[in-house]
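Two complexes follow with chain A in common, the first pairing it with chain B and the second with chain C.
Right after this comes the complex of A and B.
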């Protein structure tokens, strides 16, 4: 089947009556899972797997993938409205989303976030389609040396995230790296910092750490400050105001199309690299948005560009993540591993077959991601009003409820009491970091990338020797990294002279 | 109103101890089938959702419900390479209401190596039976040119084999069989999972890897990789042209000693993926569960779904499993020592 033929057939299947209802049900389901903190895309997919046995390939794929695609949208909604990221990948949205809500601009933030999600997802899906002819080469491009240098480049974004206080950001970032060392070292099989606890063998679990650092910390802060989730002066928005704001947000997202494109490109690239996941994608895109912005100083205080960058990237990841799954059957994340299992059940083979004879199925995936996110966007906008009412509830009532929800979410992901302890401990750490002005984003990036950097460095030196970075591609990436650091240092010196 | 409340409180106070008494009533008074009727069985999967163990559990749950009359609830308890879940099954009350699937060979290697987290004894679980056992294979990329055992033996420069971390089964297989044949190999270990190793083979970073036939099959079908040797007493029906390790060992100068290692190593993989409960399940309930499991894995609906999900089924009964695990944990001393040093990365 040719690519063009596959595109037409894929589109026709995606909008057919056999597929579309499943796509709609899947996206609404994913949205709801996204709103519940702790439960993420792979949970939504695992719940749908049993239904696949009796389904045809196209509706099955649409059902499964639509549920996965909209999870980040639901998560963005709660990140902005309740300072509680529904999933790990929405953590970056917390940097500028909640400040906007406090300023009475929740509707604008949600409108922009939803639209950026949709645009980012579309970008990722279109990129996947465009890459189809060269997909295998693109995925093979990233081996241990390349992944090491790229993760290292991503680590340098720690510096950007907290430019106003470089020392504190570095401390937070290095703390994150240290925390990532907890657990059994994959290479030497040695326990590190586990204190003999079996629960720490696999390292600290990601979802509880994120929920603690961001959601619980915000709750503590809100509780201490009192009041409600919205600023007293602004009060809760009326239905009409919210509606108006949402449209304003949509408009802004479209107006900043170039930012959306760049952040989506970052997301898609990170998605292609297996093992990095979508949480760093959103933070790196955020860092990029901040660095290229004309008003850097308002980032973290409710700059809409921060919301747009983060949300565009975390949905653009999907297109990239699908690439390595589809091209080789090598899943980049646990969600993609479940998708792969689903594909088997539906009788589909990944690899060469998938990008040649079954290319229409790839297009069903592409259109599912696009339509699913579109449906999620529409559905989400209707949800804003009823949910936004709750933001004016006073904190002494709201905080206990949200903490209960967050703790339940932390428990539900793995069914482990230990995860609740991790959530609460990181809640305290996150709160202290917040009031002492240390960047939690920098810590999270260090934590998420530490493992990838270390492991790939080890593999790269085993494979290519100590000077592995001197081969052409890693060398180019190294030079970009150095250039990036130099540019930042230069910017910092200039800022200092100005003072 | 107050009287109603007090009466309610009083009856609750009386009812609770009575319910407690009922609960400890002797088990033998009722037969196993009526015991399970409407009860809830916890089915523990020692890994996160997605992947082989989870798939098997989700395939089995509905048919186990059909044959036990109980509700089967799947709980994913990932962690410590499957040990967290295995420990949890081992420690749960032996009432026959908690079972799970375990990674038999990995749990045995951890137990042998006396890894601290291994709080179970593989030979002491109550086994319902085995759902599958992997045929272990060494695959090499077609592009590497290493297409037979002889070509691997003939190298002057060491060839690179990819593996996961120390102690993982891809690693243990690589070093043990490498030792048996005295391969001139470099083991590149530290990959997260088998997926990235396959990608490294495709990139030409490494020439081959050890793994299960189930997961290697796809890359052979696509023409990327080939199988150079397989485990087992006989050749697998899908690989009639690939020699078994036992066949290859015969030509070695120290064939007897090598064979002893291979037999021990294969005993590990024969344990496969059993369904197990904690020690001490009452005999009648265990017999009932074993019977239900035997019926479940022979069920047409189950087999159809398993085939669709490309999950091979290789049943062994609960009694056979108890034998297999004893064999695998009761190795000759020198073989056991060799395995332990392989697991610890000292080989």
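Right after this comes the complex of A and C.
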């Protein structure tokens, strides 16, 4: 399928009655999850994964991706209104959002943040569309040996660049790979770690693993912490004031279009690199906005450019992250790993097939990101005050509701009680990892990549022998991986010596 | 007064670090045992099947050892053992609450298995909201019922996914459940 044909087909599918309702529901759901502190983009996606079994590819992707796309918008809203970012990626918005609220300009900040999110996401999505012709050529150079080595490079990036400790993250990534090996080996029919359980013959099911690691683990955390999700609500505006200020904020974001573009470019570029994610992108964009501003001294005291820069970069990340996920099947973050899992459930394959024959699906993703953010912006602008009340729900009510949904979702995926058991086990593992600072993203990415790693290792050894990694591209990737680890270990030793 | 508060919060933070270190050590020892067992098991597999396992397990075992060494260097081993003993005795609050939550989840699973999905959820949610959460009777009844109805509408009506009916129902419906 050609790019133009894919674009037209993707657009037609995205606005069709079969897809659009799911896109709207997904966007609203993501927005609400984003508003609730402690629940993030991967939580929103994890909750929706069980429904994919009954859905066609286009509505399924729209449902899943729209939820993820609007999480950052919801998070930005609470960061400004309650000084509590709904998700970690909105932390940079805390620097200038709350000071603006203190000055009575909460609506302006919300309007500017929402619009910047939308513009940033659109920038990222357009960048992905423009990258497609390049990706179509590049993926042809990536056969089994390259993909095998690239998987380890991605895991290394995630382990080293993630917010968690490097050794712990590498352990988590390898544990994820190990867990993916459970089941019958497709090549030799060898049972591996099944303990004779019939349920494990096909390997550990994806949905319960995701739900356990991300949803149940959060429930543990909420249950232990208790209380309300946001203790104090302050700075709430009247409906009339809010609307007036929001439109002012929208105007300012459009006026500062050049800043939005630059920060979006930063976000998209960072999105392509596995492991960095939205939070660092937002802080780098914030730094850039401050450096290039004429009023540097007002940053941190309520400068709207700080809000615009951080929020634009936040959402522009998705376009870049999607590029490596769809082209190479290498997810750069936990959300992208869940998306990859969702694509498997929907019967889609990433890599050459995705960027050459299923181009329309890539465009459904692109339009979902754009439309989802647009819907989120509209929804957020008009329902700021009511949806913000979601944060005052006590955990004693929230936890049972979410547990009910999670348990039902885990069962519904394959109609198996065993899946609920797996969910609970991975819930405990996920909670332990969360409190001990082990990267759950690395574990999930390892788990999702496991099959690709095994398949490509087998094919690579069959095609090029055991020294397959001496071919030019795999060797280069190996050297980058080793160099990257060595550089970071050297940095850590140097830091320790300095202390 | 302020100094006292500061000292208390520092002591709490130190205690948390010690507890976390002990928990990490205990978890790592379990992980090390399981990983070594997996490595030994993998030796018995066909080479094609064990090849990727070796690629994963060898660095994994090494990294776990490194992390155990780092954790042991960070804290006193004797203290860690004492903390684990205290945790198992239910004397560490966060750990006790986590275990309680896990037990509640197991109870939920058992309820679903015996009574079916909806009855299990209703009972567990009522217990969590009313008994554990201390909410009013009105909320404790409304929230589980609304949630169960919403789940029924979504899963059974919209997606045509039938949820588990429970062994009790199956028994009375004439299925062989043993």
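Rule of thumb we're sticking to: the second predicted complex is superposed on the first by the 281 of 499 C-alpha atoms of A that agree within 3 Å, B and C clash if a C-alpha of one lies under 4 Å from a C-alpha of the other, contacts with A are read in each partner's own complex, and residues count from 1 in each chain.
Simple rule for what comes next: a contact is a pair of C-beta atoms (placed from the backbone, for glycine too) under 8 Å apart; a residue touches a chain by one contact, two chains touch by 3 or more.
Here the structure is a predicted model, which means the values were calculated and not measured.
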{"item": "First (chain B), second (chain C), both or neither touched by A:415", "value": "both"}
{"item": "Partner chain(s) touched by A:199 [first = chain B, second = chain C, both, neither]", "value": "first"}
{"item": "First (chain B), second (chain C), both or neither touched by A:330", "value": "first"}
{"item": "First, second, both or neither for A:106, with chain B first and chain C second", "value": "neither"}
{"item": "First, second, both or neither for A:347, with chain B first and chain C second", "value": "first"}
{"item": "Chain B versus chain C as contact partner of A:188, first or second or both or neither", "value": "both"}
{"item": "Contacts of A:458 with chain B and chain C, given as first, second, both or neither", "value": "both"}
{"item": "First (chain B), second (chain C), both or neither touched by A:272", "value": "neither"}
{"item": "Touched partner set for A:404, first chain B, second chain C, both or neither", "value": "second"}
{"item": "Those residues of chain A which chain B touches in one complex and chain C touches in the other", "value": "185, 187-188, 415, 458"}
{"item": "Residues of chain B touching chain A in the complex", "value": "48-51, 54-55, 58, 62, 75-81, 83-84, 87, 116-117, 119, 160, 164-167, 186, 188-192, 195-196, 198-200, 202-203, 205-206, 218, 221-222, 305, 308-310, 344-345"}
{"item": "Touch list for chain A against partner chain B, complex", "value": "42-43, 45-46, 49-50, 53, 139-140, 143-144, 184-189, 191, 196, 198-199, 201-202, 274-275, 324, 328-331, 334-335, 337-338, 341, 344-345, 347, 349-353, 414-416, 455, 458-459, 462-463"}
{"item": "Touching residues on chain C, where the partner in the complex is chain A", "value": "20, 23-24, 27, 31, 35, 38, 41-42, 45-46, 48-49, 51-53, 55-57, 59-60, 63-64, 66-67, 70, 94, 97-98, 101-102, 105-106, 108-109, 112-113, 117, 121, 124-125, 128-129, 132-135, 139, 143-144, 147-148, 151, 155, 159-164"}
{"item": "Residues of chain A that touch chain C when the two form their complex", "value": "51, 54, 167-168, 170-171, 174-175, 177-178, 181, 185, 187-188, 190, 192-193, 216, 219-220, 223-224, 394, 396-397, 399-401, 403-405, 407-408, 411-412, 415, 417, 420-421, 424, 427-428, 431-432, 435-436, 453-454, 457-458, 461"}
